[in-house]
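Below are the structure tokens for one structure; questions will follow.
Letters A, B and C mark the chains in the order given here, with residues in each chain numbered from 1 onward.
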Amino acid sequence: MLGFRRISTRPHAAGLWSSSLPHSSGLFLSSSPRAAHCAVRCSSTPASVLFAPRRTLSTAAQEDEPLILERRTLKNGSYATVVTLSRPDKLNALDLNMFRAIAKAAEDVAKDRETRVVVLRGAGRAFCSGLDVKSIITNPLKSVESIRKLMQRPEGKLSNLAQDVGYLWRQVPAPVIAVTHGVCFGGGFQIALGADFRFSDKSCKFSIMEGKWGLVPDMSATITLRELVPIDVAKELTMTARIFDAQEAKSLGLVTKLCDDPFEEAMAFCETLSNQSPDAVAGAKQLFNRTYVDTSEEEALKIESELQHELLRGWNVLSSVAKELVFQAL
Amino acid sequence: MLGFRRISTRPHAAGLWSSSLPHSSGLFLSSSPRAAHCAVRCSSTPASVLFAPRRTLSTAAQEDEPLILERRTLKNGSYATVVTLSRPDKLNALDLNMFRAIAKAAEDVAKDRETRVVVLRGAGRAFCSGLDVKSIITNPLKSVESIRKLMQRPEGKLSNLAQDVGYLWRQVPAPVIAVTHGVCFGGGFQIALGADFRFSDKSCKFSIMEGKWGLVPDMSATITLRELVPIDVAKELTMTARIFDAQEAKSLGLVTKLCDDPFEEAMAFCETLSNQSPDAVAGAKQLFNRTYVDTSEEEALKIESELQHELLRGWNVLSSVAKELVFQAL
Amino acid sequence: MLGFRRISTRPHAAGLWSSSLPHSSGLFLSSSPRAAHCAVRCSSTPASVLFAPRRTLSTAAQEDEPLILERRTLKNGSYATVVTLSRPDKLNALDLNMFRAIAKAAEDVAKDRETRVVVLRGAGRAFCSGLDVKSIITNPLKSVESIRKLMQRPEGKLSNLAQDVGYLWRQVPAPVIAVTHGVCFGGGFQIALGADFRFSDKSCKFSIMEGKWGLVPDMSATITLRELVPIDVAKELTMTARIFDAQEAKSLGLVTKLCDDPFEEAMAFCETLSNQSPDAVAGAKQLFNRTYVDTSEEEALKIESELQHELLRGWNVLSSVAKELVFQAL
């Protein structure tokens, strides 16, 4: 899975993290850099064991980019990264350029050590209307080429580009909240399913729309739907490709939360999550993603112990310091 | 899984498909017969890639058969096959004869290239009251023999005859809708669970009744319940063998749709499904059946890509022709 | 999994089971002791095939024990074992002593051949407030030692002591009902999740609280949550560590039944279950626990057949006797 790096215990501030980390010995025998984080709710030292992306997020998107990445400062000084699909005139439909931009954004955010939560949304009237079929099939030859690019699986990689836009959000250590409004169709819905949570506007329309084109959803919905809904629901929505509203999506379990203003609620949820240990939050995401469907009891029990060991390594280092804080919280 | 055969691109009509298929080269390098289907909603050319059963359904059931198979013509000229359990005086209880007839029907329908949807229902006052315990245990010696026949697993087969009546419906490429009314008990319920969807009369009674005889459900409920309900629900219903009504079945997720007239609604759903690409519909069924519970992320991502490749093979062949239709639909 | 022993067919009474079992030949070729149980609801001969714990439960807990084990006689003369966490002044918080007592109780109950159902509850104002963090971290050195003891996985064992208190209840052949009231937090909630059913007081508060300490739940919640709730629910509750009420727990599927008096209702459920074949009940528990998440269709179909074979072995031996009873019940 993710190769989390352990990092040092410097006080947290934007851009403070150096890319070469000082080594020092911890309480436990370990050749890796000492890991530590505050075990209680304290925003001042959220150094992390599990949650250690390495590079700083690249700066604001260029004008011609179909994606905008912004950093929002949360109340405790940590950051949320807001990723906005930005082809509003096309309802943020997915052309090859958009596919690449989304996959790259997920990869960048996964490495960004300062991002504590990610919000994924669409500019304009919709989250995303799905595949830009017009751009894909206007030119038959070009379309074959585009489809090849989308479906080619690089050596040693689990996912192809089509799947990356949904799947890579699972690989981001920080939790990802998709904010849906307007329409959330086909590939757009599969992107939202790749997020950990879906906060939706009450008037948003959804569809697993691929059936309309004689296709199946192949952008990682196969591994996200099974974690959320009974199989007859997945089959019915996929076979009919019908459009359903946000209320139904919520009652089916495809939307985590229905909101009047889903972006505002998502940002409030970012605040809540930022008050938790970033390691524990990243650990929880990894714990369930790695074990929810096809992992044996033996393996699952091992994974939860291993993740806890990682967390305790940091926890114990600080335990004498943390004790007082812990007792206050009791 | 299913060994779907690719078939030629002749216009669809009942009985038109020859069993020897002409080879011809497609857009993609492939030694298999060219596959094609219309990527948009058009009933005139539903040639199929994934959905290619080979033989025509055997004709109407004989008088003494416990099962009636009928073909119903849908509005677009394609067919639904209606399978009716027909021992109404016994509430369609399952004796050895009925077991064999159901398993054979599922195998026949799986090979019938003209069936686009299957509806499974019971004649008379009930869907199915379950195992015909009286017929099984009246004669102790005969009962041992019957049980052996039900539970013997033929070499190389995943399921025995007892499991076939539920499990084989999963192997039918076309979606299967169980229409339940009256009672749906024990083995009858396990048959319904083997269908992709359950449309139920509002007054239908259900039970995982095997516990009443000191047994566990062993007709494939083990692989169907886990795709539908939380484990405590499965345990409670199985351990108590209690009877529950259709409203509870719906709220638990064991019934897909509650209807005043479930057969009428099932036929309407057949119409809906028949307007989709039969390949995409069969692909969706196969996609989720193969991946919903125990498949790794790596394998699941591969399977969705492979199925899509199959569909695109047909899709691209026709893309230049389909383009206009596609644009109309946009 | 569990190595159930087959036992003889003596009439059931407390303490009647001898540990050396007489061999005798059954209808089926088998070198194991003849197994038998009554296939219909009859409390007089609940001899069991699958459900055969070997030792009698140790007698009442000593005064200083943090756990009370009591046997309650059910209407049909069989027994329920009521396990009561008993550190009421600490809201039954889990210190090392409590961990060991719970693990031992689960092991003892698993071997008790007379226990047909287990009820797990808390004395005083709460079910369990979770880890006794104060006792764990008061002394940093001792805390490291305690954590080691909790997390050390004995050679050849699937679970460590921390996991045992939730996981071992799954290994008890008899069904386990957790009765929750007051608070059910952290480790306490994971214990309740290890039970087959959760009956809750309407005012009970729940939390996956580990995140509050910068930790992940590592007491087997990884294998129990996935059997009950969609992944976004598991992530949200784990990441936020928020407290939620019994109504929400019920609607999420984390509570099986909301009750005014959950202990009374649990005892009534014990009566219901005790009227079923103990083998079939144990078989159902084992069937779903072994197959619900990561078992292939092939393996799952085999397991249901194997369990049924075991049950039928007993069933057929008695079938001539049982026939009359069966027909009455028809």
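Just so we're on the same page, a residue touches a chain if its C-beta (ideal position, glycine included) is under 8 Å from a C-beta of that chain, and two chains touch if they have at least 3 such contacts.
Note that this is a predicted model, so its numbers are computed, not measured.
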Quiz item: Taking all residue numbers at the chain A to chain C contact, is the shared part over half or under half, that is, same or different?
Solution: different
Quiz item: What rotation angle superposes the Cα atoms of chain A onto chain B, in degrees to the nearest 5?
Solution: 120
Quiz item: How many angstrom lie between the CA centroids of chain A and chain C, rounded to a whole number?
Solution: 36
Exercise. Going through chain A residue by residue, note those that touch at least 2 other chains and give them in order.
Key: 293-294
Quiz item: Quick one: in the complex, what on chain B touches chain C?
Solution: 133-134, 137-138, 140, 143-144, 147, 151, 153, 158-160, 162-163, 167, 210-218, 220-223, 225-226, 230-232, 234-236, 238-241, 293-294
Quiz prompt | Partner chain C, residues of chain A touching it in the complex | solution = 37-41, 175, 196-198, 227-229, 253, 256, 272-273, 276-277, 279-281, 283-285, 287-289, 291-298, 300-301, 303-305, 307-309, 311-312, 314-316, 319-320, 323, 326-327, 329-330
